Every structure is written in structure tokens, then in C-alpha cells.
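Chains here go by letter, A, B, C, D, E and F, matching the order in which they are written, and residues are numbered from 1 within each.
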Amino acid sequence: MRGFYIGRYQPFHDGHRHMVEEIVDEVDELVLGIGSAGDSHTTRNPFTAGERVMMVTKAVEELDATTYVVPIEDLDRNSVWVSHVRSMTPRFDVAYSNNPLVVRLFEEAGVEVRGSPMFRREVLEGAELRERIIHGRDWADLVPETVADVIREIDGAERIRRIAETDAIEETGE
Amino acid sequence: MRGFYIGRYQPFHDGHRHMVEEIVDEVDELVLGIGSAGDSHTTRNPFTAGERVMMVTKAVEELDATTYVVPIEDLDRNSVWVSHVRSMTPRFDVAYSNNPLVVRLFEEAGVEVRGSPMFRREVLEGAELRERIIHGRDWADLVPETVADVIREIDGAERIRRIAETDAIEETGE
Amino acid sequence: MRGFYIGRYQPFHDGHRHMVEEIVDEVDELVLGIGSAGDSHTTRNPFTAGERVMMVTKAVEELDATTYVVPIEDLDRNSVWVSHVRSMTPRFDVAYSNNPLVVRLFEEAGVEVRGSPMFRREVLEGAELRERIIHGRDWADLVPETVADVIREIDGAERIRRIAETDAIEETGE
Amino acid sequence: MRGFYIGRYQPFHDGHRHMVEEIVDEVDELVLGIGSAGDSHTTRNPFTAGERVMMVTKAVEELDATTYVVPIEDLDRNSVWVSHVRSMTPRFDVAYSNNPLVVRLFEEAGVEVRGSPMFRREVLEGAELRERIIHGRDWADLVPETVADVIREIDGAERIRRIAETDAIEETGE
Amino acid sequence: MRGFYIGRYQPFHDGHRHMVEEIVDEVDELVLGIGSAGDSHTTRNPFTAGERVMMVTKAVEELDATTYVVPIEDLDRNSVWVSHVRSMTPRFDVAYSNNPLVVRLFEEAGVEVRGSPMFRREVLEGAELRERIIHGRDWADLVPETVADVIREIDGAERIRRIAETDAIEETGE
Amino acid sequence: MRGFYIGRYQPFHDGHRHMVEEIVDEVDELVLGIGSAGDSHTTRNPFTAGERVMMVTKAVEELDATTYVVPIEDLDRNSVWVSHVRSMTPRFDVAYSNNPLVVRLFEEAGVEVRGSPMFRREVLEGAELRERIIHGRDWADLVPETVADVIREIDGAERIRRIAETDAIEETGE
């Protein structure tokens, strides 16, 4: 059985890692979708899809299941989103999510969805992590070591701090 | 003479129906444009274009005028919006709107626009209706009966309730 | 039961009209999708979506079934095309087509498709009609009278003749 | 040496003019990029790219340096934004900006960026100017005379006032 | 009076230059639109919009009229093309073209169009020029000297020769 | 050192596999880009990005190097293509290609490119393979066994045969 788990992974952290471990107990293969793949260099989405591919791949490579890590660009058309996801990923049997819209879209398309009380808890951790990086507080122990290495390799903390003040090109030269 | 009246129709309600009746007194044929046609499954735009095509068509089919019901996808370029609308619709002589931007765009393009104090009153009814559905209050008597039938056929109330909490895919798996 | 029949309708002609009559024997309601809705002013696609909406609506309005006439913009992503069509149209139970790709896409999406030997015969009629218009030969008797009226109202024959030499903006000013 | 300076120029005002004069002391040729070129007819972005091309060209034409005035459409992909800008402009050696995101993107792409304390001061002047126009207060003495002429030629003040109430098409017909 | 003249200018050559001189006799200001602005690095469209902005600006800067040089990205929607062009350019009174589609689109939009037997002659010169560059034959004397300088500055001849064999990324790694 | 190798992989065959083995001798990690990721269900591009992700991943998973398999959607803007590729992939030091356009684009962006006489030989193998499938000739021994398994799992041969006659939706209902 193949499962699908989507996140923005900005960055991939221990909460994600924990979920992946739980899911892998239930499936043979796992597809990890990297959402909002086209976004980067904003406070909310600092890392490029490629940087996140690297983070996620390294963070799950010692797992026992075959994993696929696939960037998913936003389509801004909810009604075709499930088709879009499916066209970009190996065929999967079950999707994991607690996001009500994602759950609804998969259900309307006839895809089985599984949630868990755990999903909820992680909700704000991405924002919390990025805040810590901006203010120079401890963050490296909240992500897998391989992820911390990637963030250092790409000088990610500096990028986040630099764009914290303004992350909109449109503010330019008003 | 052919008239044009645009709305998002989320859903088509008695306020819209009333306007259509007024307009039909002034024109021979009426083009009903369904705005933001690509949006669906959000709190603000729960229904797909196709679902709204069905609602509007059934709500106006016993009228005496020939009507055209046409989905209009957003283009996010105000300067070409009038051309876009015109390319998607039968040629029309007058547009009906109270939205200041829509009025301005049509006027700059040399299209006659008519408003009415009535338009204003309906402004928040769409939001009000969706609120009622979410909280399980009476809503069916505010829309034409054929529209209520469509919403039931597609299980629309359940969809609105389910996505009321979160309607953004990007919130996924933070 | 609701059926779906898609065509580019450049223009809507007696072959299409004949098919529609056959389909209407099998369904209660018919959705007519106008394909390549964003294209116009080319030799192959001379008419805008709006002009075709007018042609098709008038050509089928005296039929006994409820009909919906919906422009469908190209998406250039075969894998999401069925979802796109469904989001733009009232829910349908069966699609009518002889185009192998369209048939395959609907089948992979689990939609019933019906074809007919008749469909094939009409294949080149659109091109033939446009050729006749360019060369000033008889064409009006190959389309419903209401369609001929629309083409005259919008001065369509002149447009086709004018762009017959070049229909690509990119040829400009080489 | 060629410099690049980007702004939305809604409208081009004396603050921009002052910056251009400073930059021209440091470079031989100056490329002026008009940002958010596709936006117009909103409170924040009232003027079309073409109107702004006219404003900026006339406001700098008596300068001693060769200037290029180039509309830049938004791409909404920060990671390719620098490439996009470069493909639309003559090759430049240094970019002028104080916007932290713009600075970061250019630096990651290996482009030299120069800022100045002056840039900051102008930040809200565009908004201030548009407010003055809406409320009928003096504004013409804050922009180059040629710019005031353009705004009058296109009846720009009236446009801004008309759309001040609502500048979203999506509000239509709720 | 302001005139508009569009071309792809791949590259800007003496035929274009000659036309510009003729037009400038009839208008006070001239807007030069650079078509297919998003295309580059193909046999047919070797130069970026920015490179062409530089070529055209330098080739016309000693003319007596005010000129505007504006890149126009393709929109692939003929029905909104005129609006798109207008939104990107200063308001113009007359368009110059011999391309039948362009003429038709402007006429349907109510814009005066002027042609000339001269336009026709230049039609294949762009292709001829690119062929000469590929095969190392004389080309520099067919373009304004400033244009030849730009092509040399950006190593344009080498680019054209290199991509002459294949100019499609999609051929990759079949 | 990290290398990048792009192909459409329609399907991934022994020629690709052979190249990957050669590249892996020179790099520590390999990024495999799946080009034209949005295309599928055509004669030339029968498989979805997701199906190809599965093929490629399984075909290289027993290799000794860390590999990343990343779909790359076409952007149709050569001038930003390299930035687009980089944003979707882990940072790489060298790109492998024999496609003249790809080589040129990477070189203009300052990326080292390596080719090999081997690349050329494989050029038509994808087309040859698809021809064999259409005509029911042997094909399975030209692809890795895991790839043949995937094609069978998704009933890929049938899809290719079905769309061989027409693979354009636009042909519909002419």
C-alpha cells in the first residue's frame, strides 16, 4: 500500500519526522508532497522547493520504506487540485491530512483520507521555528540533524533574518 | 437590446433573482456572467462554476427573455478585464453593476453602465447566506427553490460546513 | 440523466446539430462544452467563445431538453483536463465523444463514454465550412439558420477572409 | 557602467526623481524598471504600465544619461525573479534598492546592490500622494510637472477617486 | 499625434529603421512595441527582450521624435491582445502594421491602422539576417551600427550559431 | 560533488540507465530532472510526471549514490529556465547534457556542463520504444525491469495504443 503526506516543510522538522514514522508503519511506500513548491524567499516560505527536496530526502533516507519526495506547485484551483497532485505523484491508496479543505477535496474525489490527533499539534511549529531563527534562539534541536546541516549549507538562517522586515517585492520603491 | 449582469452567485439568491427581473424589463436578452469561475471550495466561494451554472440556469429558465449563463474566470489584469468579458459573452449593449471598479472599467472602455439603489442592498446577502448554512440556520427560503434543490443535490451545505474551519491548502502540514 | 458533448463549434453546423438531436433522445439534460474557448481570430478558430455561446444557444433553444452551453478554456494539462471540465459544468453521467484522447481521459477518470459512427463523418466539416467562407462559396445552408444569422450579425465571413493570409501575431514586423 | 532602479511609480514623484539624479552621478546609463506592470485600476496601483512608461520617460528625458524605461510584470516566483528582470532589461552592473527582499535576491544571484538612507524616506510617499488625490488636496507640486501633465491627460485623479471605495472586481454582485 | 509600431526585432535591422523614419514624418511621438518579449534563445527569437530594448533604443535615439520602447509579452488570446498592448503602452492614435491579423484586431477595437507597400518587403529580412549569422556571411551592414555593437557586446552571433542545431529544451535526453 | 541530468524519460530506458551509471562515477549525488512534467497522455509524452517519478526512482534505487528525482514543469521562457531548474532542485555543481540549447543556457548562467558522445546515440530511443509499444513489438527488454513493471501496473501500453490515432483534445467535435 502506498500513502501520501503533504506539507510545506518550511522547514521539515521533528513533528513531520514523527508523523512520517507513524505513517510508515501503515504503508509500504510513502509519497511526500512538498506543497507551495513555487514559493520561496518569504517569511512564511523561506526555502525553495529544491532546498526542501534535499531536507526531506535526507531526513527520511534511512527509513525502511521506499519514499518519493515530490514538489507540488500551487494551482490555485481547488477543483482540480486532487488531479494535479495525482498527476505529479506515484499512484497512492490513502492520503494523510488533518487540513479540512484537503480532506474534503480528497473525499469528493473518492480518495481515502486518514487523520490523527497528532497532526494538529504540529500546526504552528513551522512558524515557531522560523521565529526562533529570526530572533537567534535555539532551533537546530527541533529539526533532524540532516535538515540543520542543509539549512547551514545554504545559509538559510541568514536568508530568513534578512527578509524578515519585508518579503514583498511590490513594496519596492513606493 | 442585450444586457450583461455579473455576479459570483455563491449562491444565486432572491436578491439576484429580483435584479434579474428588473433588468429583463429593460432588455430583450440577458447575459449572466458567473465571476471568479475558477474558485470553489472556499468559505467565500464554495461552489464550482458548473454548480453555479446549474443554479442560475434553473433559476431563470422560466423567464420570458433569452438568457445566457457564462462562467468568467478571473484574469487578475484589470486593464484587459473588459476585453476578456466581451470575448466570453454574446455582444451586449449595456452592463448592470454598482461596483465602482466594474463601472469605471466599463466606462473607460466606452460601455454604457446602469446601476440602481437596489443593487446595494443585496451586497452582503451572499456572506449572510453562507453564515446561515454554516450555523444550521434557515437559508432555503432566501434562494429560489430550484437553487435550494441544486445545493441539496450536490450536498453543498455539508461542503460549506466542512471547510469553514480552514479553506487554505497552504495551511497544510505546517 | 445528464449528458456532456464537447466541440469547438467553429462554427456550430448541421453535423453538430444532428448529433445533439441524437443525444437528446438518450438524456434528460445536455451540457454543451465549447472547447478552446480562449482561442479566436485564427483560421482554425475564427469565433470568440461568446460568439459561439450565442450560436449554440440559439441553435438548440427549441429542443425539448434543458441545455447548458459552457465555454471551456484549454488547460494544456491532459492529466487534469477531466477535473477542469467537471468543475466548469453541471454534473453529468455520460460523455459523448469519438476523439480517442478524450475517450481515454474520461475512461481513466471513471466516466462512461459513448461514441457513434456518426461522429466520425462530421470530422472535417468545420474546416470545409471555413474554406467555403474564405472562397465565397455557399456555406449558409450547412448551418442552422440561427447560426447563419449570428455569423452575419458579427460580420464573421469578413473576419475569416481577412485573417486567411496570416493568423499569427508573431509574424509581425519581421 | 549601467545601473538598475526599480519602482512601481504609482505615480513617479519627486522622491523618485531625486533618487534618479543621485544614481545618474554614479552610472553612464540607467535602466528604470516599472514593477507590478500588469496591475492597474486599484487604489494601490491606479495607473497602467503604459501610463507609467509615459510619466517616467518624460520625467527623465532631459537627464544627461541614456535611460531605458521597461515595464516588468510580476512573476510571483521569487526564485526566478532576478532572471526575469534580467531578461527584460539591458545588462546592468549594479542594482539600486533598499527593499530587503530585492537586495537578498540580487545578492544570491551575485549582483552588486547599492542602497542609501535616502531610499527609506520616500517609502510612503506614493500612498500619501494617492490619498491627497482622493481627498482633493494638493498633490501636483510633489511630482515633476511632466508627470502632472500625464495624470491630467489621462484623467487619472478621477480614476483614483472613483475606485477608492472598492477596487476589487470580486466584490461584484455578492 | 502618437503612433504605434510593433515588431519582434530579432534583430532590429535597416528595414525597421527605414519604416521608423517614415512613420516619424507622420507622428510627434512613436511607441515601438517589442513583440514576443518573453521569447529568446531560439533560432527564430534569439535575443531577449532586454537585449532588443537596448538595440532599438540606441538605433532610434538620435531621431527627432520622442520614442518609447516597450516589451510586449505574448498573451495567446487574440481577443484581448489589443487591450493588453494598450495597457503596456502610452495612449496612441494610429497603429502601423501590414500583418492581416494585427490589422483586423485593431480595426475591430476601433483603432486606426495604416500600412504601406514598404512593410511587405521587409518580411523575410529577419530570417535572412539570422541565416547569414549562422553561416558566417556578412550581416553587420544590414543593421544600424549601434545594433551591430550590441550584438557583439552580448556575443549574439555565437549564441545563434550554437542553438541553430536544436532550440527545444524538450528534445532533451529522449 | 552533485550532478544534474535532465530527460523526459518517456519512458526511462536502458540508454538513460547507462548514462546514469556513467555520471554516478563522477559525482557523489545525482539529481534526475523529469522534464515536461506537466505533459502526459500524448504520443510523445504518454506518462504523467508521477508515473515517471516511480519509474526513475525504482530504476536507480540500488545505485550507490544518493539520488533525487524531481519533476520539472515547462516554463516556456528560455531566459529564466536555468533559475527555474535550480529552484526546483538541490544545488548542483555540474549539468550533463548534449542538447545545444540546454548547454548554452547553462553556460550563459555560469554552470559547468559536460556532454559525451554517448548522449547522442540515445536520442531517438524514446520514440523508437513508443513505436514498438504501439505496434505490439518487443519493448520490455529495452528498459530496466522495474520500469517494465511500472508500465504494466498502470496499463501504459494500452494508453499509448489508444491515443496513437489522435492525441489532441482540440480535434474534438470539429
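Points worth noting:
Convention: contacts are C-beta pairs under 8 Å (C-beta built on N, C-alpha and C of every residue); 3 or more make two chains touch, one makes a residue touch a chain.
Since we're looking at a predicted model, the values are computed, not measured.
Remark: rotation between subunit B and subunit C after Cα superposition is 180° (nearest 5).
Annotation: 35 Å between the Cα-based centres of subunit E and subunit F. Between the CA-based centres of subunit D and subunit E the separation comes to 25 Å, rounded to the whole angstrom. Inter-chain spacing, taken between the CA centroids of subunit D and subunit F, is 42 Å. Of all residues in subunit B, those that touch two or more other chains are 38, 40, 48, 77, 79, 86-87. If you sketch which chains touch which, the pattern fits none of the simple shapes: not an open path, not a single ring, not a star, and not all-to-all. All chain pairs that count as touching, in label order, are A-B, A-C, A-D, A-F, B-C, B-D, B-E, C-E, C-F, D-E, D-F, E-F.
Residues of subunit B touching subunit D in their complex: 5-10, 16, 35-36, 74, 76-79, 81, 97, 99-105, 108, 119, 122-127. By the touch rule above, subunit F contacts subunit D in their complex via residues 75, 77, 79-80, 82-84, 86-87.
Residues 37-38, 40, 48-51, 53-54, 57-58, 61, 66, 68-71, 73, 86-91, 153-154 of subunit A are the ones that touch subunit F when the two sit in their complex.
Within the complex formed with subunit C, the subunit F residues making contact are 38-42, 48, 159, 162-174.
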